[in-house]
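The following pair of complexes shares a single chain, chain A, combined with chain B in the former and chain C in the latter.
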Partner chain A sequence: MSAAERKHEFVDSLRRRQIIDGLSLGKRTDGRGLTDYRELKMEIGAIVKANGSAMVHLGNTIVLVGVKVNLGTPFPDTPDEGILTVNADVLPIASPYEEPGPPDEDTIELARVVDRGIRESHMIDMSKLAIQPGKKVYSVFIDVTVLDVDGNLFDAVSYAAVAALMTTRFKKAVVKGDEVIQSDKMMEMPVKTIPVSITTAKIGSHTILDPDGIEEAVMDARLTTTFDSANRLCATQKGGEGWFTPEEILRQMDIARVKAKEIRSVIKEAVKNAKKS
Partner chain B sequence: MTELIDKNNLRVDGRKLDELRPIKMQVGILKNADGSAYIEWGKNKIIAGVYGPKECHPKHMALPDRALLKCRYHMAPFSVDERKSPQPSRREIELSKIIREALSPAILLEEFPRTAIEIYIEVLQSDGGSRVASITAASAALADAGIPMKDLVVGCAVGKIDGKIVADLSDIEDKEGEVDLPVACMPNLNSVTLLQSDGPLSKEEFKKAFKLALDKCRYVYDIQRKALLEGYLAKTKEA
Partner chain C sequence: MSKIRRKFVVPGDLIVRGDYKPVANVYREGNSIYSLKVGLSEIEGRRVRVIPLSGRYAPRVNDVVVGIITDINPYAWTVDINSFFSAFLPATDVFGKRFSPERDDLTSRLKLKDVILAQIISFDRSKDPMLSAQGPRLGPIRGGHLVKISPVKVPRLIGRKGSMTRMIEEATGTRIIIGQNGYVVINGPPEKIPLAIKSIEMVEAEAHLAGLTENIQNFLSKSLGRKIESEKFDGE
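Up next, the complex of A and B:
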């Protein structure tokens, strides 16, 4: 059953007031402006045993994503499409509020929102992942490991997953008679667009981008929006115990749409450099 | 691909683009629950029950300054085409959370410190838009339980099928269509408490769809209020 669990620093009402006062002056606790992201560092391809991987540092938040490509049987309702699975794990070392065990509702939401950003933007041409329609397809596993939590896991994990997919290489399978076998030829992930997730938080009457841990502890509500390369909105998720006015939502999306372009060029650059080396 | 809109701009079930499926609501249908509601929305058949404010278990989860809100969205194994395992799926776990977060802003939780309020949603038969129907029923059940709220929460989904923005997707439209966009709001407070979307929408398309969703929420809100009023009148007659 879903219930609000405390997963962050206990922040009393005075601290919240102090943060809101700062926001009124355009200042955040770490000195950022309201729409600034923290430094985004990407290390692509560190895990050579995976078909694709990326480690993302977003401020103090650290996440690692590995992609593995297997052969699998397609779902009956999509016989000529590959399979995509996103799984997330927030490690007990990542935060004093995490424990070992099956994923809780926050972790499940994280995996599902990242999955939606990739799936609904049609980032991957799933029809190209079919080998023998109805019988054999590529099955793509995106496994997320969160190593350190300081807010905005949604965006950090999304960037890592997208970068890992863009650099994924796997053995091409070929049909020989009745059998499907892996050849020595490598193939790349058929990427059609680059989805970028942008998360904003509402604290009092202020909207900020890329909330860190303490800001998530005091925020009223959160809005995660994902945009494709054509800048279309592909996925949305509102979270948190608060609400937004319709005007706030439209304004948030205008800000996020601009920011998504900036982040997309950072991801593209990192992927380009990774492919060179 | 199936054709979802014909040349007369009618949908597979004969509805116009902005027309909702028939909605029926009734409150106070369970004896034991403190508040309850039943909703039929198209083929959706959903029961919501509320217990509380009551003692909070386990005790360490109790909050010093407000009630703890708990929520479970659950689908009966026979509610869908293929039997669904009764264990909560990842989808049900996510929906339990976002439904809780959609209802929580409306409830005056700070009136009941150290207690728990439990919301149980049982989907007996599922069609498209079961989360917004669940929210609409659950909020009526909360009101039926006499829990003070700032406003009722009401939901409605819109979407894009065959390139057109339409209201209230049915099962097939949700599966074959391009975009699903569920919205829940408190109509009198101009507050959106749930917003999700999947599938590509341009800036203009989103604006149009979002406005349509908010308009349709108003319409469902009237049905919800009428059901509460009828439930209350029936209770006073009994007394």
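Up next, the complex of A and C:
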């Protein structure tokens, strides 16, 4: 990101000091505790025509994810695995600091961090997405549209993508002679685990979970960690100019593991309700 | 003291005919005075002016403003003063005549996003407003809470001879620094600040209404559970 570009609200030093003063008393600007998440609302199946979809509200942050499953040719190095692609787009109406045009660095980072969480947790059994190894596999496109930015896009998008994948249904392909054709039978995404992403922000010497827009604007550093259903760490991403000490990281991992469990149950509940109806 | 006559006007509206003096946001054609802005026209004696309902800050020399440092180069700071121009504060103003860009580091005095109280010392159409941070009370503001209000509401927040500010300060036990550009810094005990912010926001929201002083006075009295006095002036 070039220096002239402003991705966040320009927050004066007085505001930053107030936020830090508040944090040392254990209070955040919106009244949350240091490790509290904002209200997480999930609307699964928001896009009727997609194979799977979810709209997630995390406080004022709103993201929409759609999953499309097509037939494709596998990559030469993984002939017996399906293809997974995550694309992210932040709409210009989502934030005053977002411009139209090709995705910028931050948006690409967003797509890649979400991709990494899903891929490295082995959420999807990719070998089950192969139809004819080396020739035809399912290719899964996860398209992310950010509708409203108020901090912590990593987590919001990750939850939406995971929920969308868990409810994805697509036409089963069958091999007929030399050809691969789509049948009328539907199949579900082979989901093995539920990855949950937890983002920590560091402001001054304080660490908080789920930073909102203003907290992201004043934070020194952020750390996004993803845990699978067995609460094993499977992906991390660090951002910002500041740093974390090893102790801080270990402490955050413990906090994040507990939080990941809570959020996984919210996602599970939402998916269960969506499948019922 | 003569009575003030107020009327809602849009640009081009005839405010008054006759021997009157245009003061602000009005223009004269022949002996008629017309409005330049959407706002409330005021005729006070022979003086005619329009108080706009909205708008950014138009810099004026000698105004004291609250600014936020948005950029630093080897010779000057760029300062956001809520205007259509960004102001600049030359390094020589802070370091003195012996300033040398090789020796002196600007960030040692003012960093990015720092807040300052400064005075506009020169401004015309051909160049951006220049600030000075030398003078009584001027300089960096190291603490407090920054509130941004519309610059056109600043006169209402100050009140007649500073009465409105004084009333809020006395009632809430805070110190309020007002920049003419609509940036306001409140200092004081943390528990008192929310009420001061609320009062200032109320002044901004109701600036165009009659009886503003009484409304604020009632609001403060109610919130604090004790009677708040406002200063009385002749003719009010």
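We take it that the second predicted complex is superposed on the first by the 272 of 277 C-alpha atoms of A that agree within 3 Å, B and C clash if a C-alpha of one lies under 4 Å from a C-alpha of the other, contacts with A are read in each partner's own complex, and residues count from 1 in each chain.
By our rule, a residue touches a chain if its C-beta (ideal position, glycine included) is under 8 Å from a C-beta of that chain, and two chains touch if they have at least 3 such contacts.
Remember, predicted model here, so these are calculated numbers, not experimental data.
> Between chain B and chain C, whom does A:Asp12 touch in the aligned arrangement: first, second, both, or neither?
Once the two structures are laid over each other on A, A:Asp12 reaches chain C alone.
> For A:Thr207, select first, second, both or neither according to whether it touches chain B, chain C, the two together, or no partner.
Once the two structures are laid over each other on A, A:Thr207 reaches no partner at all.
> Counting only touches as set out at the top, which of chain B and chain C does A:Ser197 meet: first, second, both, neither?
In the superposition, A:Ser197 touches no partner, neither chain B nor chain C.
> See if chain A has more residues touched by chain B or by chain C, and give me that chain.
It is B that touches the greater number of chain A residues.
> Answer with first, second, both or neither: which of chain B and chain C does A:Arg232 touch in the superposed model?
First partner only, chain B.
> Contact residues on chain B for chain A in the complex?
Residues 61, 63, 68-72, 90-91, 93-94, 96-101, 104-105, 118, 181, 186, 189-203, 206-207, 210-211, 214.
> Can you tell me which positions in chain A touch chain C when the two form their complex?
These residues of chain A touch chain C: 10-18, 21.
> Inside the complex, what are the residues of chain A that reach chain B?
1-5, 105-106, 108-109, 111-112, 116, 119-122, 223, 228, 230-246, 249-250, 253, 257
> In the complex formed with chain A, which residues of chain C make contact?
Where chain C meets chain A, its residues are 68, 70, 80, 111, 113-115, 141, 143-146, 185, 190.
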